[in-house]
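Across the two complexes that follow, chain A remains constant while its partner is chain B and subsequently chain C.
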Partner chain A sequence: MSVSKGLPADAAIAAIPLPAAATPAWQRIALVLLGLAAAIAPIFVLESFHLFQLTMAVIMALAVLGLNIVTGYNGQISLGHGAFFAVGAYCTAILMSHFDWSFWPTLPISAAVCAGLGYGVGFPALRLAGHYLALTTFSLAVAVPQILKHKSIEDWTGGVQGLFLVKPDAPFGLPLSSDQWMYLVAVIVAGACFLLVWNLIRSRIGRALMATRDHATAAEAMGMDIGSLKTKAFALSAMITGIAGSLSAVAIEFVAPDSFSFGVSITLFVGMVVGGVASILGSLFGGLFVLFVPNIAEAISKAAPGVIYGVILILFLFLLPDGFAGLLRRIAAKLRGRG
Partner chain B sequence: MDGLAHQIVAGIATGGIYASVALAIVMIYQATHHVNFAQGEMATLSCFIAWSMVQAGLPYWVAFFGTIVVSFAIGVVVERILIRPVANAPVLTMVGVFIGLLLIVGNATGWIFGYTTKVFPSPFTSDGPLLGGLVSAHELGSTVVTLTVLTLVWAFFRFTKLGLAMRAAAYNPRSSRLVGIRVGWMLALGWGLAAAIGAVAGMMVAPVVFLDPTMMLGILLYAFAGALLGGIDNPMGAVLGGFAVGVLENLAGAYVVGTELKLTVALAIIIGVLVVRPSGLFGRVVFSRV
Partner chain C sequence: MLGRRHVLAAAAAGLAAPGVVRAQELPGVTATEIRIGNTMPYSGPNSAYGVIGRTEQAYIRMLNEQGGFAGRKINWISYDDGFSPPKTVEQIRRLVEQDRVAFLFNTLGTPTNSAVQRYCNQRKVPQLFVATGADKWGNWQEFPWTMGWQPSYRTEAQIYAKHLLSQGKDFRLAIIFQNDDFGKDYIAGLRDVIGAQRFDATVKTASFEITDPTPDSQILSLQGTGADTLMIALGPKAAAQAIRKTHDIGWNAQRYLTNVSLSVGAVMQPAGVEKGIGIITSGYLKEQGDAAWRDDPGMNEYRAFMKQWMPEGDLQDANTVYGFALGRTLQQLLTQCDGNFSRENVMKQAAGLKTVAIPVLLPGITLDTGPQDYRPIQKMQLQRWDGASWVRFGGLIEGAEV
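Moving on to the complex of A and B:
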């Protein structure tokens, strides 16, 4: 049974970067070009509804990436990342609808607000390992819609009705519809964040994050400042999920308290496990999964997505604890071994 | 003044519900050091089972005890099938399994019984006001029921051989196994018992909040708050914590923040306890040695 194998340990082994010599430079350049082409192609191929869905999948992937930093790479279980998603979305929505800001300048503001909030949540989280943190963030996720609906901030948040906003148009007279431009915006922002995290995880800080997860005492003995690492991981993770929230607000052109229910946090968690815990590529799969699987399942029944989510989550935990990314990695390793 | 007294009495009535769910959570936590996030959804499912029995024409108390038996069985089966295979897995896997269970049970309930709110019968009715209008018949009745359940559970663990074996299995599994206690089955029994206690709590709260698939989410949050306030490794503390949180919630709702922020009050209690005194009021302070 593969269950008894430790998740983090598996992931840590897998996360060791392959020696650069394994893939020649021309192959890597070709891969990057291929990836770029694959990312841009949908603009010209898909009609606007499917393009919108793909935009949302990219945004969810970014949100899952945020969760993966703190839960996957740093081992702090968060069941409440929907809260940061909501705060990011509301930051952008409030700035755009009350102050007539355009979309781009709201992005750094909402990133900063979410990072600050993440730091604030991460600080007490230092005292809370494992279940206590899961429990606190779970409660946060359940309480969020109620806080957003509250009368005292209704003038800003629009209360139960929420806020409406408008997608930005393509700049410089580019011949793109607003849906096409929105997709491109999501891809550019998400691409930048993925690159940032990719480099971070392969740096000194990334190794320190994983060391803290795998053996906190040993990491501390090696001179790592566990407290500061954990809070910073939380802040970065909240920031990235918040940016995803900002993108989702403009992509949907609407924010309301009930779209940020407890379900969002659970969705992100499921996406992370299915895509692959502590895997950057896995976050991308997670985003695609959480967007497209419920759509397919909803054809059966309103409640079906939840049941199917639950069943898939448990099946992955039992059979494929390193997620879809882990499965691909094993297949690739096998092929390489044969060839 | 009358208003305050009424708020406190009503708080004790809801506190009894929180105390029961908190006790269910603490029982599982003590035995396995895991928090069952699906405890609320399991109780909701039990309520729907009871509701179906009443709809089918069974008398209330037959449905009540029938549901307890069925819930107990569900608890045992869940432990055997889902929890046992991952007993030694990392915390993340465990939390994931609980979340999966929550999703499956919660949504299956909605799928089978629908999302329309249903009226759940209360067995306690009265013609006139009780104690000078201070308390409703259902509040009084449900408090008596929860107190009875809590006393029975306490007596079971204190005076029976099986209760002693379960406590031993939770406290020191290896030594218990060496003296012939079947630790695995003790855990399954604990899950069954927790599910049964949750079922009673659900059936007592359902007439008040009405029956729908999400009714226990808020209650679960308050039960968490109660369990943490009392100390998550101390059943007696968790029960007291549950009652305290019930009274606190009612007073805060009536005089401080209004009813719209009830869940936020629970969140504030949870964060407050964890920051100020993570072991709770009656919990053991745990030191980890390197």
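Moving on to the complex of A and C:
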């Protein structure tokens, strides 16, 4: 009892000052190399179907990361990130299937479009807080699939029929199948985004985001421009989720309005909470969770996979109330406490 | 006689031997089982269709109890895709690459099947008898490994146009259609038969968005064009509203109704049973509620099956009749394969169904396919609403060759 009581306090003390100071350089390099190896190994180890699943998990993790910026770090609840995911996917699909673009150049376009959209959504978010914001963003998620079907843009979106596109092949004659290359693309793009967000969160802006979340008035008193921070957080968050949408469009090779029902937004939210709110590594776990756990639930019971999924979800929240990231933090704190 | 039989048997064994050796390498076929894959929306907004998968499962359990096919039992692997195309891609890849199924059977949904159609055709995995009414599944030139089953919406619309023309009267047709692939197939089908020139010159159309609260304004504007015939190509809720509105404004048009919306409980009763008198629609499956089939041997077979193998199922649910019909189709297909369950042969046999009778299809409707005919059911029978139930009339009508 006393041990578990002591933990949070230990964690709070240990987590902030220690990492930079106490981890020797060689350990950090070893960790990075280990991470790289873990990311690349599946290419050679897994069959193409499992590789495809892992690709989708990485993509979901990236989308969850996007949500985590605005909800986790900035405290604005969004239930509408599925909309940005859809817009990102459609940007890539439209450019690839109507204009014969290759995949890479579509990424900055869809990132820019989603960032712009996110910035726009950020403005009403300034006036709305908590539940009201959640509902407003949710309405966005509900509206997007129907907007995609609308006849005025049907020539572009393909209406209910959707659009087909083709996975990029490995360049320079690399001896990789398209599934292996797709995985690598997802890992590279997601890796870059994770790294950038990691740096951002540890910077002045990251601290400002969290200060705004924790106590807006105090943050403003210290000279932070709350409005600008909130809208920019929304833009960045939408951009990252949109990039994940782009990746998903090429990985699936098909987009249709039915692919982006409001369930996607809920899935992302679940991923964020299970992985750990305001945690970068937690987002990765959240992505793995939302992709693999429904399959596990279905394997347990065909008749009521939803019930099993719900039970697993409740168990997770019960055992890991602060998400997977919280578990990692506790373990790390314990190890350090011993050391 | 015996001698000749022995010689024949020996010859057959000789011919079959390489086949047996090869069978070990065939995807999804082992000495004891044939693996067949399927996806269904067991969860999500379309989960009402999941009962089709469960009925098929029950039917296959029955087939296995009866001994299976060529010494092999069917291993039916059916996954939930929640009607979400990305999930379908994942589940189909799991079925093909991990479970290594021999072929896919009756996967449900238009967007979901669209998402995997190219994958299946690239890999040459038969994507058989998909459970959707879109017209695109009969495209044997471009997608030789994909085949539909039920009459497409377009075929259905062609049948209404044929009936309309057969009246020999002058008509002014108006169409209200749901603005998606489902609604647009009716425009295409009517145009096929009426003729592009005449259609474009005389027919008035109004589109309905599924997000619109009612089709009332479209109905009023179509009435204003002076049309005397109305095709209602709308989903159940909007169809009920349209039926009520046309009656309430006193528009005496001959109304045709898509059979997607023929449900008595969900459409005709909410619209008002007396407001729909005279509406014409079509069907191809027998219905439990139809008094004509009370002692029908085919429906009795269905009822006996349900009683023994799916006691929890709802006899009134048209989806269980559909699932039973598909189970029977699978039985015919595997029987016809005659022990050779290679993907090539499965596809060849699927494209070689000749007047296959299914007990729950309306009398005279059979499954017919060919290497250049990937539309198993093309005939339907018209039925008219008499204020209490649908009354079938006239003979079977076939869609047009286009």
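Basically, the second predicted complex is superposed on the first by the 296 of 339 C-alpha atoms of A that agree within 3 Å, B and C clash if a C-alpha of one lies under 4 Å from a C-alpha of the other, contacts with A are read in each partner's own complex, and residues count from 1 in each chain.
Please note the rule applied: a contact is a pair of C-beta atoms (placed from the backbone, for glycine too) under 8 Å apart; a residue touches a chain by one contact, two chains touch by 3 or more.
In this text, all values refer to a predicted model and were calculated from it rather than measured experimentally.
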For A:Trp156, select first, second, both or neither according to whether it touches chain B, chain C, the two together, or no partner. neither
May I ask you to decide whether A:Leu135 touches chain B, chain C, both, or neither, giving the answer as first, second, both or neither? first
Touching A:Ser248 in the superposition: chain B (first), chain C (second), both, neither? second
Name the contact category of A:Phe49: first (chain B only), second (chain C only), both, or neither. second
Is A:Asp258 in contact with chain B, with chain C, with both, or with neither (first, second, both, neither)? second
Between chain B and chain C, which makes contact with more of the residues in chain A? B
Touch test for A:Trp104: chain B only (first), chain C only (second), both, or neither? neither
According to the stated criteria, A:Leu79 is in contact with first (chain B), second (chain C), both, or neither; which is it? first
Chain C-contacting residues of chain A that also contact chain B: 146, 149-151, 302, 305-306
Sites on chain B touched by chain A in the complex: 33-35, 37, 82, 85-86, 88-93, 95-97, 99-108, 110-111, 115, 217-218, 221, 224-225, 228, 260-264, 266-267, 270-271, 274-275, 278, 290
Footprint of chain A on chain C - complex, ascending: 42-45, 78-80, 82-86, 89-90, 93-94, 96-98, 110-112, 114-115, 118-119, 179-181, 207, 209-211
Residue numbers of chain A touching chain B in their complex, please. 1, 3-4, 6-8, 71, 75, 77, 79, 124, 127-128, 130-132, 134-136, 138-140, 142-143, 146-147, 149-151, 217, 262, 266, 269-270, 273, 277, 301-307, 309-311, 313-314, 317-318, 321
Would you pull the chain A residues touching chain C in the complex into a rising list? 47-50, 52-53, 56, 146, 149-151, 159-162, 164, 248, 252-254, 256-259, 261, 263, 298, 302, 305-306
